[in-house]
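First chain A sits with chain B, and in the next complex the same chain sits with chain C.
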Partner chain A sequence: MESASVPLPHGGGGHTAEAHHHGPPAANQSSRIDRQTLGIFLFIISEVMLFGSFFASYFFLRVVVNPVSWPPYPFELPVAIAGMNTAILVSSSFTIHYALEAIRKGNRQGMKLGLVLTWILGLTFLFVQINEYVHLGFSGRTESFGTIFYSLTGLHGAHVFIGLILLSAATLRAFRGHFSKEPEKHLGVEVPGIYWHFVDIMWIIVFATVYIL
Partner chain B sequence: MIATFTRPGWYRAVLCTVLAAAFGFGIVVLLRVISGLPAMQTEQTGYPQVVVPLITAPLGFLLGIGCFDYWIRWGIGMPTIPDDHSSHGAYSWKDYFKVNTDHKVIGIQYIVTSFFFFLVGGLMAMLIRAELAQPGTQIVSAATFNGLFSTHAVLMIFVFIIPMFAGIANYVLPLMIGAPDMAFPRLNALSYWMLPMAGILFLASFLAPGGAFDAGWTGYAPLSTGAPLGQSFFNIGVQFAGFSSIFTALNFLVTIITMRAPGMTFWRMPLLVWANLSTSLLVVAATPFISGAQFMVLFDRILHTNFFQFGAGGDVISYQHIFWFYSHPAVYIMILPGFGIISEVISIHSRKPIFGYRLMALALIGIIVLSYSVWAHHMFVAGMFSWLRVPMMFTTLLIAVPTGIKIFSWLGTLYFGKIHTKSTAMLFALAFIVTFTIGGISGVMLGMVPFDIHVSQTYFIVAHIHFVLFGGSVFTIFAGLYHWFPKMTGRMYDEKLGRIHFWGTLIGTWGTFVPMHWIGMEGMPRRVADYASQFGNWNLLISCFAFMLGAVQLIFVYNMIVSWRFGPKAEANPWRGNSIEWLVSSPPPVFNFDEIPRVVGGPYEYGIPGARHAIMGGEGAEVPATQPSVVGT
Partner chain C sequence: MNFNEAAVFKWVLIVGAAGASVIGLTLLTRPLVGALWGLVLVIAGCVYGYRWTREWWRNAKDRPDGPGGSA
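Take a look at the complex of A and B:
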């Protein structure tokens, strides 16, 4: 094929002033999934692997090194309080789902209620967690147990914090009247929602490993 | 006056960097004073008042230069500014120093920045070779030498090879699949701007008390957990480089999956796209492991936790497991995009369809799957579980199969092709096949447990890694840069200088790294500033070739800069390529296309009369009546 017969948009080069004003052509959508949703799923894969590296460390410290007692005597983990905290975080998954279902039906009040409830539940979880840290009696320097306990729960706490920031943005915009029924008009609720579900599920795994197993 | 500091740009960036550094410093000092500790902590593995600003200052810079402006406006519920495309495309050289959302501008930013770090890292290699030219210590002290080789490796790996491939793909990939831009242009800009942050952190470690990080690029604990302050620069720099490559990889994946032009099925994608698809899958899933490993070292250093403290229940070997679980896949992150480049170049310049196109793509997938199962072959002598040795040896040798498929497919493509070497890119591609095969075979040797034990920590390792990373990755980078230089700049480079650069690089590479195999087998240890005098002659020879290798790179720099400014204008399709990036002007228009092209056939149907890959110009454009069908499309 002759290269000369190829049409040259913008008369070649295209670094001209008039090109400044008209935008790009709309991209072809070659998959059913929208960009934002796929993006957050891929990011979650990354996050799972980050947790994975700390879980790997956990099993090295607990199984390979195999210390005499785990947790080291005389410390104990408050399983009941953490279990209650788990219930709080898991219920926040239902409230964020309620918010998403509400806006899908066009119910803005329901969405606001769901978002605010999720936000409060998430914050409560963080407060209970910090309170637990204060009363545990051991620190991150207490053997490898303290190190990996604070790392895993702290890493998760940091993710709850990031999730809360995303939820704050969604809530703020919800109260300013930004989201509506159309699928592409409430991605700002849906995408942080997916992230929040990930944070919840990850906590169940962290809780099961660190507190129960 | 105030507007100067509120607009996104360099003034605000400098201001925010200073403020963020002061904030980080202040918060540490404040917390320490409140807890009744001395305000400053200057133990070797401490310095929280320096380490925390190392994290906050780059974030401040990113905030100031304007990476987060849109998201912050969105997040606090302000009405977002309708995009006027004012931050898209480059209209003067100054636009390359701003946050830009155009994938082509970001591609150039990536390429130039990472090439700068290549030159800095190369200069360090010259210093290393100068010191090693003779037995004894002449140029630098042993401590400085340790810092030099560590920084050399880290610069080359994290801020040259990986981002250079990201840069080339950033420029070419959206054009190749017929997309107007990447899926997340603002995230793309953020990914780019994190790269210089990482590079500057690595280089700034030379200013730290105790010198640059000197535990090698692997930063093994407990060497790294007890090292001077410079090691923390490494720990934090890797986080920025890591986030940068994760976000870029995520961007590539979403772009490839959701933004292909109509008709561009997965089996019609050029192999460069396939290569970046598989590399990105590796980056997204593996890079968090090095983030994790470096966080753990940083915690051990600054917070005095016990991840790797033997006496307190820590596990030293676990560092190597977690580190190599990223860093072995990382070597494929550093070569797979290069495989893609070579496929493009070989096919175009031998005027033949790629031999075994589908198997080429599947071999990439095979490599990424296998690459997760071989990490412990770096640890045969580390004192890890002995039962893990033989399984890791088997999987390591198995990787040679998909890699071999690729090598033989390139040879099959060349076989009976109309090979012409009028482009330096093709010369580098042909040299790559030979050099990389040698490096690959020494990799198979290293996969054997007994041989690996024999040559562990010797120059054989140095020879192998440079044969695959310099003779492999860097050759593909040069091939890619020469190949797409006309597309990126709209100018032709000087072919004669290109040839001098090629032959100098080839002879320099072989002259430098081939003798290292022999002195390695004889037992010369790596990572030492001084060595036994029996290796003196060989090392002098190696150093001479290394200086030549370094010097010819200056020809490349001269060629690129002068050709970019004064070279003859390039036509749209100087190599008679089929893929979509050759169907637009050189350089491409700001928004790539007026209308999204339609893909009607495979990407490599060279030598087949009437075959076309894509048609420009939307629905109205004519379609060839009969589309020849070719295996692999």
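Take a look at the complex of A and C:
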């Protein structure tokens, strides 16, 4: 069979090539981006729109409704603690980036260290956030401020929680010997890393808007 | 622009710097000044995003494996 060395035509083929090909044909890829990365980017675009609607509500309540005091008297937001929490979350972006840089160079120990540090920093952020909720003194029913405050920070907290689940899976896989330096072999860290950066970027905006402005 | 974690990390740094400028300006002056500066940054980001997208599509159409390409 002299035609056996002829490459498979795209999206199908003659019976000669099929004789050597087992399983379904390879999926057509029209994009330069692998489907996992494209998927997380499309997901993030939808998330930006979700956060955008919450920010629109926030600014509507603050600027258009314009209550007498914001936050309502006598409550105050713990800006210093939230600022420290911001530093913790921003640091976690550096550690996940370190983990990715490590695995790109084939350094698996560095990747594991970066993932574990990121996970610990993310969990610390979430605990500080919950502790803040406990001690704030107002609830989601305390005027429109309470509602939008808990909605916006809670929405972000939920994203941190999801990010921690993704990081847990990546960390477990890393300790079980998965991932290597080839780009397609560490997508399991790359995709949660992109998501984690998104969560970090959103927090910077939430913090500046809710706690500072 | 590459579509990977390193490219997104660069945006963490950019947004971090922008956020720090808004926070700094708010603390030094008044919340309204910080909010207006934040609005300027958001508009600048939208303009950059629009121009980048337009450029990307223009380049994409010239590629053989781009949208409407032969590959």
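Here, the second predicted complex is superposed on the first by the 190 of 213 C-alpha atoms of A that agree within 3 Å, B and C clash if a C-alpha of one lies under 4 Å from a C-alpha of the other, contacts with A are read in each partner's own complex, and residues count from 1 in each chain.
Throughout what follows, a residue touches a chain if its C-beta (ideal position, glycine included) is under 8 Å from a C-beta of that chain, and two chains touch if they have at least 3 such contacts.
All values reported here derive from a predicted model rather than from experimental measurement.
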Which of chain B and chain C A:L38 touches, first, second, both or neither: both
Touched partner set for A:E132, first chain B, second chain C, both or neither: neither
Contacts of A:S144 with chain B and chain C, given as first, second, both or neither: first
Superposed model, chain A: greater residue contact from chain B or chain C: B
Touching partner for A:L213 - first (chain B), second (chain C), both, neither: second
First, second, both or neither for A:L50, with chain B first and chain C second: first
Touching partner for A:V65 - first (chain B), second (chain C), both, neither: first
Residues of chain A contacting chain B in one complex and chain C in the other: 30, 33, 38
Residue ranges of chain B in contact with chain A within the complex: 74-77, 83, 85-86, 89-91, 178-181, 183-184, 246, 250-251, 253-254, 257-262, 264, 284-289, 291-293, 296, 299, 303-307, 309, 312-315, 317-318, 321-322, 325, 490, 571-573, 576, 578, 582-585, 587-596, 612, 616-617
Contacting residues of chain C [partner chain A, same complex]: 3-6, 8-9, 11-12, 15-16, 19, 22-23, 26-27, 31, 34-35, 38, 65
Chain B-touching residues of chain A, taken from the complex the two chains share: 1, 3-4, 6-10, 12-15, 19-31, 33-35, 38-39, 42-43, 45-47, 49-50, 52-54, 56-57, 60-61, 64-65, 67, 72, 140-141, 143-148, 150-151, 165, 168-169, 172-173, 175-176, 178, 188
Sites on chain A touched by chain C in the complex: 30, 32-33, 37-38, 41, 90, 93, 96-97, 100-101, 183, 190, 193-194, 197-198, 200-201, 204-205, 207-209, 212-213
